[in-house]
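Lettered A, B, C, D, E, F, G and H in written order, each chain numbered from 1.
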Amino acid sequence: MSLSVRQVLQRVSEGTMSVEDALLHVKEKPFEDLGFAKVDLHRRVRQGAAEVIYGAGKTPEQIVGILEAMRRNGQGPVLITRLSPEAAEAVGRSCALDYHEEPRVGIVGDLPQPDGIGRIIVATGGTSDIPVAEEAALTAEVLGSEVQRLYDVGVAGLHRTLSHLEDIMSASVLIAVAGMEGALASVLGGLAECPVIAVPTSVGYGVSFGGLAALLAMLNSCSSGVTVVNIDNGFGAGYCANRINHMGVKR
Amino acid sequence: MSLSVRQVLQRVSEGTMSVEDALLHVKEKPFEDLGFAKVDLHRRVRQGAAEVIYGAGKTPEQIVGILEAMRRNGQGPVLITRLSPEAAEAVGRSCALDYHEEPRVGIVGDLPQPDGIGRIIVATGGTSDIPVAEEAALTAEVLGSEVQRLYDVGVAGLHRTLSHLEDIMSASVLIAVAGMEGALASVLGGLAECPVIAVPTSVGYGVSFGGLAALLAMLNSCSSGVTVVNIDNGFGAGYCANRINHMGVKR
Amino acid sequence: MSLSVRQVLQRVSEGTMSVEDALLHVKEKPFEDLGFAKVDLHRRVRQGAAEVIYGAGKTPEQIVGILEAMRRNGQGPVLITRLSPEAAEAVGRSCALDYHEEPRVGIVGDLPQPDGIGRIIVATGGTSDIPVAEEAALTAEVLGSEVQRLYDVGVAGLHRTLSHLEDIMSASVLIAVAGMEGALASVLGGLAECPVIAVPTSVGYGVSFGGLAALLAMLNSCSSGVTVVNIDNGFGAGYCANRINHMGVKR
Amino acid sequence: MSLSVRQVLQRVSEGTMSVEDALLHVKEKPFEDLGFAKVDLHRRVRQGAAEVIYGAGKTPEQIVGILEAMRRNGQGPVLITRLSPEAAEAVGRSCALDYHEEPRVGIVGDLPQPDGIGRIIVATGGTSDIPVAEEAALTAEVLGSEVQRLYDVGVAGLHRTLSHLEDIMSASVLIAVAGMEGALASVLGGLAECPVIAVPTSVGYGVSFGGLAALLAMLNSCSSGVTVVNIDNGFGAGYCANRINHMGVKR
Amino acid sequence: MSLSVRQVLQRVSEGTMSVEDALLHVKEKPFEDLGFAKVDLHRRVRQGAAEVIYGAGKTPEQIVGILEAMRRNGQGPVLITRLSPEAAEAVGRSCALDYHEEPRVGIVGDLPQPDGIGRIIVATGGTSDIPVAEEAALTAEVLGSEVQRLYDVGVAGLHRTLSHLEDIMSASVLIAVAGMEGALASVLGGLAECPVIAVPTSVGYGVSFGGLAALLAMLNSCSSGVTVVNIDNGFGAGYCANRINHMGVKR
Amino acid sequence: MSLSVRQVLQRVSEGTMSVEDALLHVKEKPFEDLGFAKVDLHRRVRQGAAEVIYGAGKTPEQIVGILEAMRRNGQGPVLITRLSPEAAEAVGRSCALDYHEEPRVGIVGDLPQPDGIGRIIVATGGTSDIPVAEEAALTAEVLGSEVQRLYDVGVAGLHRTLSHLEDIMSASVLIAVAGMEGALASVLGGLAECPVIAVPTSVGYGVSFGGLAALLAMLNSCSSGVTVVNIDNGFGAGYCANRINHMGVKR
Amino acid sequence: MSLSVRQVLQRVSEGTMSVEDALLHVKEKPFEDLGFAKVDLHRRVRQGAAEVIYGAGKTPEQIVGILEAMRRNGQGPVLITRLSPEAAEAVGRSCALDYHEEPRVGIVGDLPQPDGIGRIIVATGGTSDIPVAEEAALTAEVLGSEVQRLYDVGVAGLHRTLSHLEDIMSASVLIAVAGMEGALASVLGGLAECPVIAVPTSVGYGVSFGGLAALLAMLNSCSSGVTVVNIDNGFGAGYCANRINHMGVKR
Amino acid sequence: MSLSVRQVLQRVSEGTMSVEDALLHVKEKPFEDLGFAKVDLHRRVRQGAAEVIYGAGKTPEQIVGILEAMRRNGQGPVLITRLSPEAAEAVGRSCALDYHEEPRVGIVGDLPQPDGIGRIIVATGGTSDIPVAEEAALTAEVLGSEVQRLYDVGVAGLHRTLSHLEDIMSASVLIAVAGMEGALASVLGGLAECPVIAVPTSVGYGVSFGGLAALLAMLNSCSSGVTVVNIDNGFGAGYCANRINHMGVKR
């Protein structure tokens, strides 16, 4: 059923459509069908966020196709994650792309000014966790949050963590990015008063099992305020952190 | 170093103690050492929450001992999770205990009035997930949040979920509690605009592997706003949901 | 024992061979022994399907050898799965090969006209699942079924699925192809009235564990009509779907 | 939105409701909300099957409550799986229950006469697999299929399997129930011309890992016509087998 | 070859036996063969420790039999680990047994006076880890070490750990006993200057997997001085800690 | 096809049946169908062994039924493995049963005299491995082999192993039964000149994972002559060892 | 202790050395220490086999060094397993090497004539299992056994197996090489009267988990005469099969 | 708070700072913040060791940057582990680097003279374990310990181990480096009187699972004095062994 939003609202006012059906219409429609992908053009309205393209497993042509469909529909900044340098080069030829090679993130369009609400801290256990942390930080920044980076503050040198205690205690959301034993999440969770999102990374060897050890540690955290996302999922953490950070705004 | 808070502040004003050291003092102190447990008496101030006792692996005597230490220090309502019926009976003899048998949750003291900020939805995939959901709901309620329960709305009967679409879209936090294939989190994550906390449950058999299948599904969710807690960790989800729900308050 | 089919039947009529032994003979014989492979020349008769060559782990020479043995025995269209581009090129030099690069499928001989019985829907959760879906779709088409493709209809955007509700409800078999959390199978299983075959794909990262998370979710599906094949086994799903689709024909 | 089916159809005829929305209404509605469960009263119409109650994790009171809601709405025979002897006794007090203790299956109402379409074979590798096999067989029988049982025909004594070759080759669906190494599915899959549904069982010890070894073997089957359900999921196999067996009927 | 130690030494002095063979004799001999067990009577001399009986999987009769064989040969204090209360009662009837119920440890004979060399700290993350910690502590004490207990100092309340910083920095060996996410080992390993032995415990639920999560975290510790023993292996940790603590003595 | 052996042979001599078909007949037939089990009455002839009943998952009634079917057909000694004390008592009421409680083995009929060919050594790492070792030893003895038991010779006390070096080097088959780290198999495999069958046991705790650690160690053995059976599968080891031990006889 | 064999024997005759010590000397000595490897020069005498070099993880220089040490000591044919084509080329420059590329096996020296004792059958499930099977076959041939190859006789086409029934029933040892579901071992184990050694291969995809599924199936085999070696361990199977095949010789 | 050590001590003497706070200052400070890394400049004082750079996941530029920060602060010899040949070449251009290619270890600065205290033995099961063993040995040597290497002494040839019995029994610490079944640790643990650190290596194939089998075996060791580090963690073992070896020194 292809109704415009106006039509939907009219029906509701006439009583021929329930509120729930109307909501579903708004959530459902419209999307543009490219054959290989159905581009969701209402998501910004619906979920308060720019569109995101998950670059892995898509050809540069597909990515460009999706970008153009968005542009035709007036979408704002677009975040492309897991974008290989090769694909970035191809995409860069068809539009202005700000590419961050380490976290493999591309941004089309201007970063918004932070809206001044809250501050998200992205902390890492070590130097090798930085690419995942940057994916989280850039994601939150594209979505309008202010981000503070605290890198290489792992628990083997507790003093490095504690020297930032005041920052940690005043943040609105914490993102703890760590591989190996993943203890950073528990330590930050014990210190902070805000929600903590833990991101296990695949940094490590042997029984780190590609990040599984860190994931398990984070899920078992004895600190109560910790939730967890998939291994290396910096994007998911940044996305959630921004949602939480902007909780107060909607009220 | 046993300084009173006044002493700490005085030193800060005199310049003989840094702000960070002072913060650490406030975070650190005081706790009461019962030998088998070190009861944390500042946590309410520090993290904005009543004390919680994790009942599993503690004897009734130990639980009563911790409760009394808290009472001596004027703590408010206390939540006891994973409290067996036997231990509940023993604890109930020494103080007024409101015991919920299915989720094995005990509450000492009065539930606070919801403060009117936001609404947390706790949804389950099936009937068997209810005990875990109740642990989440009661935790959030003890901490002052309003909770709406949507039980048995699993994805095999999508219409059951969709009939609550308006509620889902207006919640401040969603808790998705599901065992088996754990698909509820992805479906709710795709519909909601708020943070979604997924709780895998150990409901199922065979390759549900005691909740592992649901956990993996939730961590792999293609919906971007989903974070995850440990299997059957209703408490952790309720605790985080309340923190998120009250984000706007602090500002 | 090397009896011709005529000899077998004669013995049965004479009472010197039981029906079961005769059946076994027909099932057993003949095959052509190439040393490295024993080519089964009765399978079409026996199981109502063209021969299939599993290309992985075979050299181009072996594949060509098997093709020639089949041709000598008058086999119809042959499906070659998991055929690398290099092997495809080599095979293409010795016979007319229709090669589909993305799903790595080669077809020798003409596709049959769909026989007008039923319709198989192949649906995918995302764009990256398409190669596996194509292996399923092409397999079913080689075997004579009509196939409808519904790609990128994952549960994070439920409206994309629901916009095809009528198609889904009138299909004879559904193939649900999805990686990550694999929830598509449960959602389709709840909507459809026909058998659903779920194909987990290795699409994903971190705890998708190469498709294991999707597999577990599908095996745990709370929708009753779902059965599952191995990760990325598009061929198996297409093969089974065709068998089911043609159930009514034999009667 | 609480429309009667008549209202739905009227709206469609008036053009104020799309076909898809109408379908969704029929699929969605009605269900009776018991608080702890939302009983689906349209499923029979929708999916051509009696309602099934998954008894595990439900109290006898909940099961009786669901049964009564069904009876109020005129449902036919009801299958209750995973029903403990204790719960069976309690349920049996409130209605006439035909209880099968070994497979823990209860049936309320009369078994339908087999409709004469096709024949489902349920085969087991050993004696210990029989309870799971019976769950499959009874499920298919409740749904109207004819079932033939072939028990203890495991591959260590191949002759036991081969002595039933004619039956196997003329069945419409095969259900292969086996624990330990699960080889039965591959052997039957190689012999049969019909779809084979494999059910791994938790029979075994050591590295059978509660049925995991059999599950993996079945998913890896080199026989092309095999799909798999969860460990010990006799119900799911019987349900699917009946759907497949009745494929021809709808046409 | 049944030589007395004197005979062995004589042969060495005569040149008819090499030093290595002699060593092997001393290591090898004698043991008393009880049929179901070969009791090692030289171990004290050889490895500087009292004999230890691993009580699990032995009947009370077997334990008493081994104790008597030792007594016949003049062994000193004997440690019995994993001794059930029932077995303890039976053993207690035949000799004076000091039984510690929580860690299931029995001691026959007097505890030695600590020899004044070094100090072993046994720390736990929580209250539930205490039984395993006590097994470690009692083992080290039976072997002559001084032990300091620091219980319930988990990382969620870092101040509890830091309030013992001086003790931690002056210990000769640290034993870190923790379940759940096992982060205590990394935190202590970063603070301490001495060897740290980490003991994962089976405390936890869900993806603690009976201690596996803690074990993996400890093996992945980013603190360099940490080694690990099996889950719940308090005995092994106490045994090793004593060996290390007494390193300086031999010189 | 129900031919007597005589009929089969006659057909072969007449040329109306191939040798292979005849062999299959002898292997196939006859078995007695008890409904719940198909008792194989030719196995002794076929595989040179008495019939074995795997008692786990069978009711006492089923076991007695199978025993009687065997007796009707003149079978010799029967071995019943995994026979619970309760089932043993029930079986003992219907026939003379020699029951070994620790390994849960029952024997009906007389043990044969060892035939003087070779000697099988059954060795264990510890006392707790003895029940599994006894299952192996009794199995081999029922089948006519001579067995020597070497219990509690684990590698932590190498001298206990080495003191039996001559026996080990002159055995015809070695069975190494060990839990925990399973190193016994490698040590014996390095010393022996005969085939070594390794039996991992579920003895251990923590990361012994119910025998999995020992199994993996044994499969990874750096000693070349080692093959492995399932965890706790004493029967399988004894059965194979006897087959190997009697290799020379057939020639 | 560096005694010649003569010296050892003299001491035994003088009574200054026990038989066991003497045996240990013979087993122990001599080996040549190359620094990176200790070459065992008595193994042929001790274990009745030529020396084997495990080529993986050794440089061509190391392999050549070991070969030369053997040649200096008059060893016979040498088998080199897991020898890469690059290393083979390097080794081939320093001595006459018979290299089999598919199984990556190199042989230095002449293959012995089969000694006429018994016949080992090496069977594979499919074409892709042949390299592992060849490693087994060549190993047994180097050690003096006669080998018959039966390739591509997997259970999906049971007739291919049954057409070799007579061979199977008259073999002295069977080696069943199969990937995927590994059912070949159970089927052969049920047909054969001789010991069966099962070799899982890493052939397969998805939940074959690199051969783990086949391994588990083989360890769970319901056929009693089956033992198992590590995944892809053709060498181990061939080595054991030869030992078993030559059992009768020693007597 | 940026106090010099003198300031810290002055405050302690004045009573304005507790001993614990002072300790924390010394432990905490100073570190140099390079943005991507926080270089710890007090560690030598604090933990008695030279600084170590974990080279994996760091660019040559980052490594050089850290090296220069250390040099500015007067650090002694620096150990760089997991340093690729490419990075080694780059680092070697900016300072004098002693690079060991097999273990991928770089050393900047002079190796200290062994201080004559104790002797660490590093033993390996096979030739392929040598790189990991060298990482352990070099680490201990950089830290001032004397190291003896015993390579290729695996348990399949027990005599190779036993020929070094005297060395083994007089060592101060043993490091057992082994892959495959990891039995070396148990055998050495049974022979030695000193602490044994076991290092599983990823040497092996099939179910060695990249070192997991060896790890599990070592954690399950029946020898009491064994602790374990992560797979291939030669550095960790060498670091711990040195700490233990120097235990006596501090007293």
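FYI, a contact is a pair of C-beta atoms (placed from the backbone, for glycine too) under 8 Å apart; a residue touches a chain by one contact, two chains touch by 3 or more.
Chain labels with UniProt names: A, B, C, D, E, F, G, H = NCAIR mutase (PurE)-related proteins.
None of the values given here were measured: they were computed from a predicted structure.
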{"item": "Maximum centroid distance from subunit G, chain identifier (CA atoms)", "value": "B"}
{"item": "Residue-number overlap at the subunit A/subunit C interface, same or different (half cut)", "value": "different"}
{"item": "Matching chain pair for B-D (criterion: over half of the contact pairs shared, by residue number), options B-C, E-H or A-C", "value": "A-C"}
{"item": "Which of B-E and B-C has more C-beta contact pairs", "value": "B-C"}
{"item": "Most distant chain from subunit H by Cα centroid", "value": "D"}
{"item": "Separation of mean Cα positions, subunit D and subunit C [Å, integer]", "value": "24"}
{"item": "Separation of mean Cα positions, subunit F and subunit D [Å, integer]", "value": "38"}
{"item": "Inter-chain centre distance, subunit D versus subunit E - centres from mean C-alpha coordinates, in Å", "value": "54"}
{"item": "For subunit A paired with subunit E, centre-to-centre distance based on mean C-alpha positions, whole Å", "value": "48"}
{"item": "Multi-chain contact residues (two or more partners), subunit B", "value": "20, 24, 27, 126, 157-158, 162-163, 191, 206-208, 212, 215, 219-220, 224, 230"}
{"item": "Complex contact set, residues of subunit F against subunit G", "value": "19-20, 23-24, 27, 46-49, 52, 117-118, 162-163, 165-166, 169, 172, 191, 193-195, 197, 215, 219-220, 224-230, 235-237, 239-240, 243-245, 247-249, 251"}
{"item": "Complex contacts: residues of subunit G adjacent to subunit H", "value": "24, 27-29, 31, 35-38, 40, 56-58, 62, 200, 202, 210-212, 215, 230-233"}
{"item": "Residues on subunit H engaged by subunit F in the complex (per definition of touch)", "value": "125-126, 154-158, 180-183, 186-187, 189-191, 204, 206-209, 212-214, 216-224"}
{"item": "Subunit E contact footprint on subunit F (complex, rising order)", "value": "126-128, 130, 151-153, 157-160, 162-163, 203, 205-208"}
